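Given below, in the form of structure tokens, are the structures.
One chain, chain A, links the two complexes that follow: it is found with chain B in the first and with chain C in the second.
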Partner chain A sequence: MKNTYVIKRIFYSLFVFVVVITLNFFIPRIGVVDPAERYYPPQGNMSEIEYEIIKQVTRKQYGFDVSTWQQYLNYLQGLSKGDLGKSFRPGSPAVIDLIVERLPWTLVLSVSTLLIGLIIGVMFGVVAATKRGRWQDTLLLNASTIMVAIPGFFIALMLSFYLGFELEVFPAYTDSNMVANFDWSLAAIRTVAYNAALPVLSMAVGSIIGHAQGTRNAVIAVTNEDFILTAKAKGLKQNTIRYKHILRNSMLPIVTSLGMSISGLIGGQVVIEQVFNWNGMGTLFLEANNTNDYPLMMGIMLLLSGFTILAILITDLVYVLLDPRVTVGDKR
Partner chain B sequence: MKKKLPIHHGMARGIEKRLKNTGLFIKRIWSHKQGKIGLTMVGFLVVVAIFAPYIAPFNPYDVAERTTKGLPPSSKHLLGTTINTGQDIFSMLVYGTRVSLIVGVTSGICIAIVGSILGVAAGYIGGLVDSLVMRIVDIMLVIPTLPLVIVLTNVLGRDYWTIILIFVALGWTGLARTIRSLVLVLKNSNYVKAAELAGASRWHIMIRHILPGTSHLLIMSTALSSAGIMVAEAGLSFLGLGDPTAISWGKMLAEAQRGGALLFGAWWWILTPGIGIFLAVFSFMRLGIVMEEIMNPRMQRSSGVYKVFKNLNSAYVEEVFNSMDDYAKIGVTPAFEHGKGEVTHETGLKA
Partner chain C sequence: MKQVLKLRNLKVIFPTNYGIIRAVESVDLDIHERECVALVGESGCGKSVTSQSVMRLIDSPPAITRVDTLEFDGRDIKDYTPKQMQEIRGKEMGMIFQDALTSLNPVMTCGKQIDEMYIRHQGLSKEEAREHTVKALELVGLPEPRKRANSFPHELSGGMRQRVLLAMAFACLPKLLIADEPTTALDVTIQAQVLSMLRNMQRGCGTALLLVTHDLSVVSAIADTVYVMYAGKIVEKAPVRELFATPHHPYTVGLMSAVPRLSDTERVFTQIPGTVPHPTQKPSGCYFHPRCQYATAECKKEMPPLKTIDSNREVRCHHPLSIRGVSHA
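Presenting the complex of A and B:
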């Protein structure tokens, strides 16, 4: 039973991934008639024949000279070897290299945001749930009603304005030499932390409140269950009930929200990176967009979708370990 | 066979009746403390958007009405002028209301229409339609939304109607999933069974019996997804990927950042568009929550506020559905009677 469920989930994730790959391949081809034409618009003093030659060369170089179906097969073949295609940038570097170069910088931000958001958020949520109706709870309620209505990038702008420009506590823009000079020395790591403070802070605010609100609701839902009443009636210690009965059972929704928040985190980071000029995948994506670099854009999209699929899959599998009941019904 | 059926009971009828009495409905929102705030603010924004040319002292679209660059706030220019183009910031703010409201509300309404059609069809017809719709929902769930929106604007174009189309194409999934779950419950209720036995056509049942039962979710989700779209549109414009011809709050923020408002300490230039976005989103969300509380009497007063967190559309809507499902199990309302274990839980939230 358990095994069939796990295998089914894995195969379903693979199916979704294949569909995403296909979409990824075809979306840029909706509007673009000829990628060569789109990327190399005719220059002023270029003759008709010259332009035609350039287009031909470009088509050949990027593999657009065969039928769409053949291109799709080539794309799949490349993917199986971990090749995401060639970027339209000068020198046509491999997309995967460009991404790998930026990926760590994005992960620095998302992982620290996730950790801060999760740790502080869960703590805050538990406090709010145990002090239900008191000021801690009211604070969380008011904070979350206000925070959901403020876009993340506005928080980022305000932080870079006050903490960056007015008070000069943290840099308002990322130091452009940070990436180039990075060499695992303590000083370099400190520079990264110093520069990452504001981006992480501006994303963490929303993350903390989201996780706190989720935890609060989960804890209250579990507290109202009958078995807690039984535990109380048995005369168990307050702390035993709180940590062994309530917290362990409210883990489930927290795990779910964790899986879901990963995709939101990466998507939302595009804007935050732009505000602070952070050299991550979000900035890379926007650069690609501004230069119509489709292979690069689609490569990033594919990677992000892959992450999300993996995160959801892992969440589901962890769920099976935590709660054997999920295998009984169809969860999704 | 389209016969008007005499049996019409429970919630479906109640809500239909309420919908007909729009005046009464607005009155009820007004008598709700939070609703009064939401309604006032939404009304204010609508008035500002409609009468923008009369409220704004200058026309920010008009190149001839641009003056000295980088003026601080004064009686002539309430919020000063921009550093790079010399436009009146207050007028830009007023005109920006139009973009936010039009994009937000139009997308919200279209999402409700598409989401309800696909959700009801998936839930009631089932079979191939159901699995097709649900597979699409699953796939859309894993593709990061903002990057996908950016790619689509790149491919399809950046005028506002295209952007609305893209938001609708990507935004209906959460709602459709929730509606489908609710329809699975409604499908087994007595009044739908009675209609089936009386020989009503599928189409008739879906339109006359199932759809009214989901109307409270639809109305709330329209308000909530409008709010969500406003945030998304602001983000898109902030990245410089909105409609290049329009003045929107997100674009104002981007111009302020690039134009050096931070360096010159022009806080009014950055703060005011942000407040505009906040007010619009906040008031629509407030209105949505209050409407849900009024139309779904089983929900505790102001408990809806707790349930909104982060995931504007789906998380909240799903919880509302869960609250209905609980009542269905207890059997409080005759309209919700379970079939034999056919209903599956939508979320893992219920441990």
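Presenting the complex of A and C:
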């Protein structure tokens, strides 16, 4: 029963992915994707014929000279080899190369933010739940209310200004040579950590409070369940009740929100990366958007949606391990 | 007979935003060895709070609990620390609850939840505990106990789950078992099975039973002594046969006549007029007087004391029924 559920989930995810690939291909083609449009209007003293030739050559170069249906098949064929197409940038670099170049830098930020947010957040949440109604709990409640009202970029700007420009604790602006000079040496890693401090901090504040609030609510909800009263009536020790009965059951909503945040890992924080001039996926997407670089945008979108589908699939599969009731709905 | 539980003057108060809820007011309770005591009353009369207070399971805050005497098995556990209470709970005092599905941890196998009792209170290893668990499940009549021990609560039927709870509660042969509406969530046929199982286990293990229920048929089936509660106070206490033969309190009479009988030719339900008073706005005098057809001016003014009559019965009424010579239902 469990196995059929897992297999079903995997097939379902694959199906969704195929739908996403198709939509991702056709939606941009509703508008203007013609690479030749980049050369409009004709530059300098280019004659009509020269301009036509350049357009034809460009279309051929990007495979736009065949029917849309043929383009779709070619696109699928390319995807199966891991080819996301060519960017409209000068020199037509492969989209996948551009992404691979930027992705690690985004992951540096997003993974550290996630780990910090999750670990500290869950700890705060458990404390707030056990000290319900006391100052620790009130603090968390007020902090999360305030955080909802403050946009992330504002925190980033404030941190950049006060910790960066005024106090000069951390760089307010990422060193532009950081990426080029990176060579896995200890000093280089230290430089990355030093530069990443403020962007990570500005994202972690919200992440910590979000996870803390979620954990607190989950723990309190479980604490009020009847089976916790049973556990108390059994004379179990406080710690057994807390870890084996309460936390185990509170993990379910935490895993859900974790799955949601994993899907955001590679998207990059467009705004935060802009504020700190961090060359990650967010910046790459913005560049693609500003230059109408459709193949690059499509590549990033595809990667994003693929990762989201994967994250949801993993969340569902972890649920099977955590909650034995999950497969029941599938059976009936 | 040895006394297992002696409770004197229990008061439980919940301060809320809407006013102070006096959930339990000066309740006395006596339970002897091997005795089955039933605590009867409508929803919200304080019977569950009373039973949980006996195990000191009511959290304070929010509740405020005061008790003069809470003697369990000859020991005064009124001032026991939480750690000391943990040693008593489960081992010497067990509890089973109404809804077996929500009373069992959904992500833990039933067997593991029973294992916990043996591991915690008898210091057994996991393997030894499982052997005991399988035996306990067999004893409560669960088919294929070894296989069922690995089932999760949602995979069992309601009756089976209640048996799992029974096996868990009797695991360490407690001196006192508190059963809070143990049959309410079950089908009538399963109710009878679980009740007879409860009765057999109780007799076999020599356990005293505090049965909390609103179901008078359950009471007549297994109780020895009955306490009737109304709005946080005990209104009548009597041995079960005498209570059913001659109820003294008008509320008890009302409860009994509200049970439809097969022999009734006219299909009319008798009900007690009015509703239970709101817990923050209890009436003056006797709490039952607004719903009592025999109420007098005295009843409106003064709360009657719990008077002993017929040597072994107690009733909280200015004008107890059979004494006044009124025929009852």
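Details
By our rule, the second predicted complex is superposed on the first by the 317 of 332 C-alpha atoms of A that agree within 3 Å, B and C clash if a C-alpha of one lies under 4 Å from a C-alpha of the other, contacts with A are read in each partner's own complex, and residues count from 1 in each chain.
As a convention for this text, a contact is a pair of C-beta atoms (placed from the backbone, for glycine too) under 8 Å apart; a residue touches a chain by one contact, two chains touch by 3 or more.
These figures come from a predicted structure and were not determined experimentally.
Room for both chain B and chain C is found when the two structures are superposed via chain A, with no clash between them. By the touch criterion defined above, A:323 reaches both chain B and chain C.
By the touch criterion defined above, A:249 lies against chain B and chain C together after alignment on the C-alpha atoms of chain A.
Touch criterion not met for A:92: it reaches neither chain B nor chain C. After overlaying the two complexes on the shared chain, residue contacts for A:291 are found with neither chain B nor chain C.
By the document's definition of touching, of the two partners only chain B reaches A:271; chain C does not. In the superposed model, A:136 makes contact with neither chain B nor chain C. When both complexes are overlaid on chain A, the residue A:27 reaches chain B alone and has no touch with chain C. Counting residues of chain A touched by each partner, chain B versus chain C, the larger count belongs to B. When the two structures are aligned on the shared chain, A:229 is found in touch with chain C, with no touch to chain B.
Contacts of A:210 after superposition on the shared chain: chain B is touched, whereas chain C is not.
Between chain B and chain C, the minimal CA-CA distance in the chain A superposition rounds to 7 Å.
With the contact threshold set out at the top, residues 249, 323 of chain A are in contact with chain B in one structure and with chain C in the other. Contact residues of chain C toward chain A in the complex are 52, 55, 57, 82, 85-91, 94-95, 97, 99, 102-108, 116-117, 120-121, 152, 154-155, 165, 168.
Residue ranges of chain B in contact with chain A, taken from their complex: 134, 138-139, 141-148, 150-152, 154-157, 227, 231, 234-235, 238-239, 241, 253, 257, 262-263, 265, 267, 270-271, 274, 277-278, 281-282, 285, 305-312, 319, 344-345, 347-351. Taken in their complex, chain A has these residues touching chain B: 16, 19-20, 23, 27-28, 30-32, 141, 144-146, 148-154, 157-158, 160-161, 164-166, 172, 206, 209-210, 213-214, 216-218, 221-222, 249-250, 252-253, 256, 260-261, 263-264, 266-268, 270-271, 274-275, 285-286, 289, 292, 297-298, 300-301, 304-305, 308-309, 312, 319, 323, 326, 329-332. Against chain C, in their complex, chain A makes its touches with residues 225-227, 229-238, 240, 244-245, 248-249, 322-325, 328.
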